[in-house]
Amino acid sequence: MADYLLSIMTFFPLLGVLVLLFIPRDNGALLKMSTLAVSLVTFAISLPLAFDNVFATSGAMQYREFHEWINVGNFFQMNYNLGVDGISLWLVMLTTFITPLAILSTWNAIDKNIKGFMAMLLLLETGMLGAFVSIDLFLFYIFWELMLIPMYFLIGIWGGKNRIYAAVKFFIYTAVGSLLMLVAIMFIYYFAVKSGAPMNGFSIEEFYKLDLPYNAQFWLFMAFGLSFAIKVPMFPLHTWLPDAHTEAPTAGSVILAAVLLKMGTYGYVRFAMPLFPEALPTFIPFLAFLSVVGIIYGSLVAMMQDDIKKLVAYSSVAHLGFVMLGVFALNMQGLAGGMIQMINHGISTGALFLIVGFIYERRHTRLITEFGGIATKMPIFATIFMIVTFSSIGLPGTNGFIGEFLALMGAFQGGLRWYAVFATSGVILAAIYMLWVYQRVMFGKVTNPKNENLKDLSVREIVIMLPLLLFIFWIGIYPNTFFSKMNPAMEKMLMQMGANPVAVVEMQQPTVAHVGLDDQAQTVVHND
Amino acid sequence: MITVNHYLLLSAILFAIGTFGVLTRKNAIVIFMCIEVMLNSVNLTFIALSRHVGNMDGQIFVFFVMTVAAAEAAVGLALMIAFYRNKDSIDVDDFNMLKW
Amino acid sequence: MENLVQEAIQNVNMQAIMPSLVLSGLAMVLLMVSVFSKRGSSTHVAWLSVLALIVTGFVALTGWNNPQSGFAGSVLFDNFATFFSMICIVAAGLTILMSDDYLRRENFPVSEYYPLILFTTAGAMWMASGTDLMTIFLGLEVLSVSLYVLAGFFRHQTRSNEAGLKYFFLGAFSTGFLLYGVALLYGVTGTTKVEGIAAYVRANPDAALNTMFIAGGLLLLVGFLFKVAAAPFHMWTPDVYQGAPTPITAFMSAGPKAAAFAALMRVMIVGLDGLQSELTTLFWILAVLTMTIGNFVALSQKDLKRMLAYSSISHAGYALVGLVAWNEIGLSAILFYMLVYTFMNMGAFAVLVLIGKQGENNLNLDGIAGLGYKKPVLGVVLTIFLLSLMGIPPTAGFIGKFYMFSGAVEAGYIWLAVIGVLNSAVSLYYYLRVVVQMYFKDPAEDFSWVSINVPTAISIAISLGGVLYMGMFPNTLMQLAKLAGF
Amino acid sequence: MYSNLWLIPFFPLVGAIFNGLFGKKIKNEAVIGGIATGLMFLSFLVAAQNFIKLLGDSEKVHELVLASWITVGNFHLNWELLLDPLSAVMIMVVTGVGTLIHLYSIGYMHGEVGFYRFFSYMNLFAFSMLMLVLGGNALVMFVGWEGVGLCSYLLIGYYYEKKSASTAANKAFIVNRVGDFGFLCGLFTLFWALASKGVWTLNFVKIAESGHLLESGGLLVTVVTLCFFLGATGKSAQIPLFTWLPDAMEGPTPVSALIHAATMVTAGVYMIGRMNGLFAMAPATMMTIAIVGGLTAFFAATIGLAQNDIKRVLAYSTVSQLGYMFLAMGVGAFSAGIFHLMTHAFFKACLFLGSGSVIHGMHHAYHHAHLHDDPQDMRNMGGLRKKMPITFITFLVSTIAISGIPLFSGFFSKDEILWWSFGSTRGHWMLWVLGAAAAGMTAFYMFRLVFMTFFGEQKTDSRAKDHIPESPFTITIPLMVLGLLAVIGGYIGIPAVLGGSNRFEHFLAPVFEHAQHLNEIHAHGSHATEYTLMAISVAIAIVGIFTAWVMYIKNPELPAKFVAKYSRAHRVIFNKWYIDELYEAVFVVPCKRIGTFLWKDVDVKVVDGVVNGCAWVVKGLGTGLRYTQSGYLYNYAMAMVVGVVVIVGFFVF
């Protein structure tokens, strides 16, 4: 079993789709139950990964699986090459963890074509898991694209009023970026072929060792970077996100926010940055700048939204700005912050979307002005919403803080000082927009008669939220559970990016009045 | 002295005339005849060149071209008749249902 | 004289033309069968045609790894020819399977239809195996003349008439150019054999500077470009595809197009290798132009057949990328892509055949609103074909496109690959529009007229199997495509 | 040794969780309040035990690692607690005052729907505050720091149905976040600065040990400390971030007493004390702190002069008193600052609780009479000393203490601050002037408050007049205890000049002495000067009290005349110098405008416009190209011919 764990985990949901095909389409309850069961089993299959201590000691790929897949002589070869390391471990876990919750959240929300909906969710899970565990770039690309289709249908069929526009925009926008990446993938491959470097299909492990000229790295990074930046999404490539989120059904939004966006950041960490370490320094100022703009811009725009879901969507732009900034710091703190922030965003924003879903289910509107005073009617909901809000704001003791703190600290240390300062202001803005929306929705007197008879959360809804709350606090209070298994892999990855994991970018002269963006900082390394 | 070039020039002119006819005429039959002119100009070229290069391949080719032209004529005229039955016209301006 | 005849007879080697011979013969037999059949019943001819194709298929397969040269080097039935022959046979078979019910629905169950398809296929096989411009020309004409008839087959329908006529006129017109090109090449090289032309160029390296030679080569090329529907010789495609009976449209976009590509490749790569640098530049421009025009214009189409016609133009553009690359990957990619395209395009058309009402007035975007709910299986299947046409994994279309663009990248044409993928991105929009209509709109009609009949279902199933199999386990066929290259 | 330290924050945490989860089911106020208060008291006992142990211990700094927290690369951080004299004092104040206020709340919050919620929040607050003061590294402190901010938010917004309450809560949290921005920046800079010297730490003890690695008076340490100070201004309501505190009075009065007077708002002061080593190295920062502190003390006092809401007066008084503490920190009088923090905790808590008692009574009366007058408006009070004697006495005692009348606690601490601000190596006479002026005003407005509330004739609506009761014992007991402390709390720190030994300062010396010594911070000057200054400040206080007596007891019509005469000045002061309006105009409105602009114009029109524009252009091109397909045969043929001509022409020529 352990030898094929990743394959079993990845394709189990697909197997579930097959099972669903044989369930009558009008038997909604059975469909839901079996989908939930499939996703829970998938989660169970993935659990041994989380408990495996090998990740704490080794940064190498574990649970390797290798099969030759396509081999057309020396010029075209690709393999079924799976593995998981500390970088992808928690993202895999996040995926298997979030999916059952997302499924559970749709219990009453979906009445149209349940079978299709559930099949799409499971298909999506396979795509996501596959993308996280692929070591072969080609295989990764296949899973990467595979995710688009179910998401497209989730938005397009079960979405809101403007769903077609949103779905098509989502699909084409993301595809444009990934298609350029495809060309870049081909280029790397043939560069490797021509340079006679040892190869193993499109295995990134071999590609890491390539000695690409700077010029090539520059363009390749552009292609990869663009593709992932769209997925993240980084400003100004983010406009598909609010549309997609607003229109998507709750479960779709949750998965989109929790996992799909992580594909972009994960792509940077796993592919774009370590593959092209020489081009990386050229882009970092620019990308860090965009991250910071994303943080501030996303927050300011989020602040003025009148639709809660849109607000959360824009807040995602801001949150992922922190992730990116941390990753671009190129040191352990930053990367760890970025990585854990990915998980955090998955949990917190996922939870926020669920929360929006809960009230949407009750009131069929998401306009902030329609609400007010909900706290009196739904105290449990209010409490949970409050906790999630503060997690999203990044209150210490909750997960959000750990991520933001480490990311900013890393950025500060990694020579992105001024970026970090501006990014830190996002901490203020996050409080503004989140608390403001909380106030307008939850506090005050019930002024809208339609809100008079709102029911508090049902047991099912509480069950959905509890695991999320657990992790909000777990990561906030004892993140070492997660860090300990990420550290070796992160260290390895940073080396690959050409960075020293424990570097501190020194100021030129500690007493000079100006510590500028452009200080040509020298890297001073200290190990204790 | 009439050289191969003269033949080639003549056939080129014929080909051009045929092409021009296809572009300008509206009657399907006339267009078809223009195409025949083009094919025959090609035949002329083949024969001239066959003589010029000194082997028979070109002439053999001409036979095939003639055969094929005949076959095309049969099919083409049949199609025109079918169209005429439906539209009472063989003006190419009327072949205009399918566009854009 | 005696010697010549003897030599000629020795050189004949019927083995080399056996597949086309068998098919033509069987087609004629079936023509006779249909003459003596009762008017209005064509089913038996259809099945017999399929049988004929299967027989031919087996005959053709004997040519694999067993190249047969015949008629003094005018015909070469090698792996390349076998591969393309198989594509054409598959395309023809799928077409026939989806036609039977269709013809009855359209009240025109005329059994000559099937032998005509077989003739077309035979012509296509000639083209694929021809190594003399003469044999290629003959194959092309056999194919074309039969297709003119098939395009205009519904003689009571003005639309079909118009399609047939337009195809006929423009086809004949382009034949003129092709022949003129052959004549010029013949004048320079003194031969019409592809190998002979190549030998001439090898012997006279400055032939590439010879105006007549270049002009001849290019005019010849134009003839083929017309057949593969490359811009600016594509203009017939939308009209003809739209007007022709749907199965014929499907067939045209797969079989004959593959054959034209086969001839194009053979002539260009074997014969005009000396013009490589000029030709790759030209193909670069043509590929970009073709895919761009195809995709852009498809964006604003409402009629599904017309939209797929433009899509077919753009796919020809993608396939031309392989010729630009002019390398092993590029060429085997074209072979593979043609096979893939056959399956996915035939599949998509087969679904359209099923969902069309009599007269096919509903084959536009609004007409299929909500199809995914009323006919879920058809919806899913059509979606998969469309995804494959888009080039989304895990379908064959993705692998094909990836392989194709890989060739370009390998040869250093990165910008071409970039333009290609951007074009794919544009194409997403119009393919997705179909999906949008099928799934995101409420059903406008109940599609009660759609009856899924066995033969069409078989053809859809084969296409689907092909698309998925080649999408997920492409190794075998990619290797075959590689072996089929030269 | 001190291994039970963790119990101190743990008890309230248990209370918070217990009441939060089960309080709603329990419903019994006695149980809920009892658990909360009891746990606080347990916490107090543990704190006291540790405190006493520390008194007798020669080793004054003790760290207790509870668990690891964040381990990433070289960065290693623990959940760790730090007990030294400074935190010992703080835990005593927090648990002690906290217990009393919890007890008080049982009575005060009686009958509230959200009774359990209140106690849960209060316990959570105590937990956070204790984490703040016990935190062994900057991040644990920050957990507490933000935790108290959270609880403050929750408790200010306790009456969340009131718009003003939730708005005030938001304001408090957001303004605090501005401070946190500074705190975080400081933390990052500090960490980075130390890490580049090879010390990867946020641990307070280690920071103190490696402070010398940074250049004293250098830019880096100045930036770090200024950033931290920005954090402190947020939490401790100093200029420019003080505006949230008066609004925070929307919370129930015990909250105001515990959070917005006694404990949380002093966190900034504590933080500076905690990092005194760094601050001492940055004279520029110290100067800034002193000036800001002095100005805050002064300006807040001016605003306090004109307020009519009993709690608002106290709020501004708190701001002003906090200013004193910062003044103390700024001039290097760390222990004096902490001393004032402690005494202030006693008397200000007592004052707030007293005002709460008054409000409670007024409310009761209005409720009884079905009136909806404002129970907090002093203009409706008067003559309450007979109705509520215990409240009155404790209130008066505390007022005397805050006014700086000798023998009461406030005198000792305030005077020491004033002395340092004059005589310290980091002091200046102008700082003293600011402080003294503020002291005078403090005396005035505090007595104005007392006079308006407890003296004179009762101005309450006649229907409610006779229904004002003295509060129940749960309210009065804490009042009495705190009143007592307000009187005697200062005696542990009688300065040498008055014949004391300033035991408080000695106790804290291990924390502050080193930095003071290293950076040559000390107060100098003769005893004569000290006496003189002391006399002047007492005189000023008495003048203030006298003026208040004249204006509110002797000639009650005087204030109105005064207002009429200096109407403009009054209006400015009454409207708090229009600071809120200024911030609204400078920050809030532009921020919203920018947000709307970014959304409606930039995002929708520009960014998305480009995206949709691309799609539009592509589609437009497609539509344009489409019409080349005319349907006419000869056009198609023409296209072919043109194609042929171009292709052949291109390659032939």
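Miscellaneous remarks
A, B, C and D are the chain letters, set down in written order, and residue numbers restart from 1 in every chain.
The working rule: a residue touches a chain if its C-beta (ideal position, glycine included) is under 8 Å from a C-beta of that chain, and two chains touch if they have at least 3 such contacts.
Chain labels with UniProt names: A = NADH dehydrogenase subunit M; B = NADH-quinone oxidoreductase subunit K; C = NADH-quinone oxidoreductase subunit N; D = NADH dehydrogenase subunit L.
No experiment lies behind these values; they were computed from the predicted model shown.
Which two chains touch most often is answered by the contact tally, and the pair is A-D. Nearest to the common centre of all protein CA atoms is the CA centroid of chain A.
We define each chain's centre as the mean of its Cα atoms; on that basis subunit B and subunit D (NADH dehydrogenase subunit L) are separated by 97 Å.
Distance between subunit C and subunit D (NADH dehydrogenase subunit L), defined via averaged C-alpha coordinates, is recorded as 79 Å. Mean C-alpha positions place subunit B and subunit C at a centre distance of 25 Å. Inter-chain centre distance (subunit A (NADH dehydrogenase subunit M) to subunit C, centres taken as mean C-alpha positions): 44 Å.
Across the assembly, subunit A (NADH dehydrogenase subunit M) contributes residues 172 that each touch 2 or more other chains.
The residues of subunit C that reach two or more other chains are 165-166, 169, 173, 238-239, 429, listed in rising order. Contact of a single residue of subunit D (NADH dehydrogenase subunit L) with at least two other chains is seen at positions 615, 626, 629, 631, 633, 637. Going by the touch rule set out above, the chain pairs that meet are A-C, A-D, B-C, B-D, C-D. In the complex of the two chains, the subunit D (NADH dehydrogenase subunit L) residues touching subunit B come out as 626-627, 629-634, 637-638, 641.
Those residues of subunit D (NADH dehydrogenase subunit L) that touch subunit C in the shared complex are 615, 618-619, 621-623, 625-626, 628-629, 631, 633, 635-637, 639-640, 642-644, 647-648, 651-652.
Taken in their complex, subunit C has these residues touching subunit A (NADH dehydrogenase subunit M): 328-329, 332, 373, 387, 392-394, 398-399, 402-403, 405-406, 409-410, 414, 417-418, 421-422, 424-425, 428-429, 432-433, 435-436, 439-440, 473-475, 478-479, 482.
Chain contact summary for the complex, subunit A (NADH dehydrogenase subunit M) toward subunit D (NADH dehydrogenase subunit L): residues 169, 172-173, 235-236, 238-240, 297, 300-301, 303-305, 331-333, 336, 373, 375-376, 379, 383, 390, 395-397, 401-402, 405-406, 408-409, 412-413, 417, 420-421, 424-425, 427-428, 431-432, 435-436, 439, 442-445, 477-480, 483-484, 487, 490-491, 501-502, 504-507, 510-513, 524, 526-528. Residue ranges of subunit A (NADH dehydrogenase subunit M) in contact with subunit C, taken from their complex: 69-73, 75-76, 113, 138, 141-143, 145-146, 148-149, 152-153, 156-157, 163-164, 167-168, 171-172, 175-176, 179-180, 182-183, 186-187, 189-190, 193.
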